[in-house]
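In the two assemblies presented below, chain A is common to both, partnered first by chain B and then by chain C.
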Partner chain A sequence: MYEGAVQNLIDELGRLPGVGPKSAQRIAFHLLSAETADVKRLVNALVEVKERVRFCAICGNVAEETECRICRDPRRDAAVICVVEESKDVVAIERTREFRGRYHVLGGAISPIEGVGPDDLRIKELMTRLSDGQITELILATDPNLEGEATATYLARLVKPMGLKVTRLASGLPVGGDLEYADEVTLGRAFEGRRSLEF
Partner chain B sequence: MTVTRGWERGRAVAHPPPGIGDNGGVSLYRDEGVVLRTRKLGEADRIVTLLTRRTGLVRAVGKGVRRTKSRFGARLEPFTHVDLQLYTGRTLDVITQADTLHAYGTPIVADYARYTAGTAMLETAEKIVIVEKDPALRQFLLLIGGLRTLGGNEHDPRLVLDAYLLRSLAVAGYAPALDECARCGSHGIQRSFAVHAGGAVCSVCRPAGSASPAPDTLRLMVALLRGDWAGADASEERHRTECSGLVAAYLQWHLENGIRSLRLVERS
Partner chain C sequence: MYVSQLQLADYRSYASAHVVLEPGISTFIGPNGQGKTNLVEAIGYVATLGSHRVATDAPLVRQGAERAIVRAELVKDGRTALVELEINPGKANRARLNRSSATRPRDILGLLRTVLFAPEDLALVKGDPGERRRFLDELLIARAPRYAGVRSDYDRVLKQRNALLKSASARFFKQRAEPDLSTLDVWDDHLATAGAELLAARIGLVAELQPLVAKAYGELASSGGLPVLHYRGSAWPEGTEVPADRDRLAGLLRDALVQARPQELQRGVSLVGPHRDDLYLRLDELPAKGYASQGESWSYALALRLAGFELLRADGDDPVLILDDVFAELDAERRRRLAEHVRTAEQVLVSAAVPGDIPDELVGRRFRVQGGTVERE
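For the complex of A and B:
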């Protein structure tokens, strides 16, 4: 045990995900030996993130104003919505530079075993967005695991009566991987979604 | 005279020279099991809870499972029946190899009602076999059978779930009395059902607060417990709903923890 302030810092750092007691101690002593200006910058960044960042009123993504950067951008295609589980997924898709539509962040996936049902996600907000008639395609980009698939199935069934085009991200072999190591389910999906090579 | 040190002597007796392929003290074991639940661990790992054929309930770590280039891929997803190789770790075992035997998840997840019923089955299996590494072969076989039936889409998912729950309780020693009175043992379909008394009760033994289900509901429960699918499929919607309610109440009474998934089972 250290004295007052140092132990306090170690305890607080130890509450962060993935930071154990030894790591917390290492970070604490690093901060102790760092320049005061550097530490102040870190403190400001922490305070600012809590004060300025909120969730976009339209899509639920992290934003610094009432609406996020993507929802405010008039160049984005307003007719296509890509549904993702978390804000992290928006960043992952943005990195591909393939998608020019808008997003909807659900805030998780349906997982009855963890007690998360459809009412715990931002599904009602999505239905309100879809009902304005502007949207023509819904892309379901939930994780390709069991909960993600179940959420996609649920949404597809819910949206079906609206007559929208509903698509699901393709599943298949990772680029740079070996066929022999692919599991049966993934390989099966890759076969199901194969495309013809026409030139 | 040569002096043999204690450790050399002990070693010569306890451990003969290892043969080819002998991996000595590494405790590797093989088993097959159904993935019940997965939890994220650290950066890319998962803690996987499995119900296995020979070892019973096992909690093991699948390393790097969440990476797209993982060797395990979709094999360690819930509902998958896998052939596994594990080694015994200090607190959790570690999965070293996994091969799919049956991917029950694919047909189950394609239908939301089936998915919610399926997750309730998995959660019940985990809660009813409480002790880890205590063989529970009958529970394992029952779960495999239940998932196969659910995926086959031959019957209403709710009926499959209720049949599984009733039989799983029966295997665990909590079979409800259905065609006799739970207190006095008089035969025949009774008028009341008391969860805390252990099943159906006659009008004489009926404790306060008993439910009064339709006789056809109790007949449906008997059919589900015995595996009479023709009888169960012919049942009416209202009796199915009543049956689900009674089974859920009976299950929650006997398990210490509630089954969270039951709240989200779709009752269409």
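For the complex of A and C:
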């Protein structure tokens, strides 16, 4: 145990995801020996993120104004919505530069063990967006695990009466990888989702 | 295949132990409570990632120690593999293969295959359905390790669905509020898909076991009688024969879930699925549980294990046979017949309290186990 302020800092850092007691200690001592200006910059960044960042009123992504950059962009295709669990999934898909539509961030996945049901996710907001008739395709890009699949199935059932095109991201082999290293489940899925090669 | 070396650290009664083994028959002799079973249990753990005696890992770690380590060297077709398992109760276990960096323990499954006979086996016949489900699932996983994934996927769906049912029924009873069932259909769907895969495999396995069990029983028991295996599913009416067809089984599960829903909501648990099934064992027309004599029950339990052995052997590689203290439970005639049956396996490990318990057919290299040490005689 360290005295007062140092221990407080270690405790606070230790609360962060992915930071164990040893790392917390290392970061704390790094900050202690850092220039005051550097620490001030970090403090400002922390305060700013809580003060300035909000969630987009339309899609739920992180934003600095009422609407996020993507929702405001008129060049984005307003007819296609890609549903993801978290904001960081938006960033991942944006990196591909393949998708030109808009997003909807649910804020998690259905998981009764953790007490997360449909009402705890931004599903009502999604239904409102879908009801204006502009949207023609819904892409379900929740995580390919049990909870993500369950959320996707739930959404697919829910929007079925609306007659939209509903698609789910494919699962299968990683590009550039070796077949022999794929686990059985992934390989099995890849077999199920195989497609014919046409010339 | 055979185990050529076994090293233990802080495992049960052993602070440390190192045993060099060879193919053929090895016997471990020593008074009770000296660590014979712990030795073979550790080998079984490498094969199934579970103990045949306890459901949790905590008792496997020596008192006062934080973790236990089991290291086994396996020889298969002339090639050796070194498996290391670190058992951390309450935390994730770790595994290493050939001293390379950590692997998932699940990837170790299938490297070592064992068939273990133990006094606890009587529960296969006389015990709860859970014992028989475990017997089937362990055999499935030994034959095709991917079923470990199927099984854990199913368990995960079940856990989620039970959590939902529990909260729905609590809300209904406490607040008289209509439960939100919109997501239950989704979990039904996933339960049916995951459950059907497990069911199809189990039903197929039972069909393969049937003739082998009948044959083994005929050789072990003196009294005659024909053992009949029947997979009793919670999703279809008693006595129905259901084919091992995944689509058909998923359909049956879905229908059964619809019917069971009111009851499930009342009780807050899933009442339909592979976790509620049983392997129904009959001897001629009568259920083995409750009707078979002690001797018949033993013959039945041994016949199930032997059938498992034959099935694994037919896949092309002899599993390691472990006979943990079973001879003390059997009469002279059954001892002799069991010994006759197993002596041809590539490696047989036998434990007994006194040398006299071991039939002459199974006398091989002898190890003395006393006070947590193992010495070759």
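In this section, the second predicted complex is superposed on the first by the 195 of 199 C-alpha atoms of A that agree within 3 Å, B and C clash if a C-alpha of one lies under 4 Å from a C-alpha of the other, contacts with A are read in each partner's own complex, and residues count from 1 in each chain.
Heads up, the rule we're going with is that a residue touches a chain if its C-beta (ideal position, glycine included) is under 8 Å from a C-beta of that chain, and two chains touch if they have at least 3 such contacts.
Please read all numbers here as calculations on a predicted model, not as lab measurements.
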item: Simultaneous placement of chain C and chain B on chain A, clash or fit; value: clash
item: Partner touching more residues of chain A, whether chain B or chain C; value: B
item: Partner chain(s) touched by A:113 [first = chain B, second = chain C, both, neither]; value: both
item: Partner chain(s) touched by A:150 [first = chain B, second = chain C, both, neither]; value: both
item: First (chain B), second (chain C), both or neither touched by A:184; value: both
item: Overlapping segment of chain B (options 135-143, 171-179 or 189-197) - the one that collides with chain C in the superposed model; value: 135-143
item: Touching both chain B and chain C, residues of chain A; value: 110-113, 115, 117, 146, 149-150, 153-154, 157, 183-185
item: Chain C to chain A touching residues, read off their complex; value: 146, 149, 153, 156-157, 159-161, 163-164, 167, 180, 182-183, 185-187, 189-190
item: Chain B partner contacts - residues on chain A that touch it in the complex; value: 18, 110-115, 117, 145-146, 149-150, 153-154, 157, 174, 176-177, 181-186, 188
item: In the complex, chain A residues that touch chain C; value: 110-113, 115, 117-119, 146-147, 149-150, 153-154, 157-158, 183-185
item: Parts of chain B lying in touch with chain A, wherever the complex brings them together; value: 37, 42-43, 68-69, 71-75, 77-80, 100, 103, 105-106, 109-112, 115-116, 119-120, 122-123, 260-261, 263-265
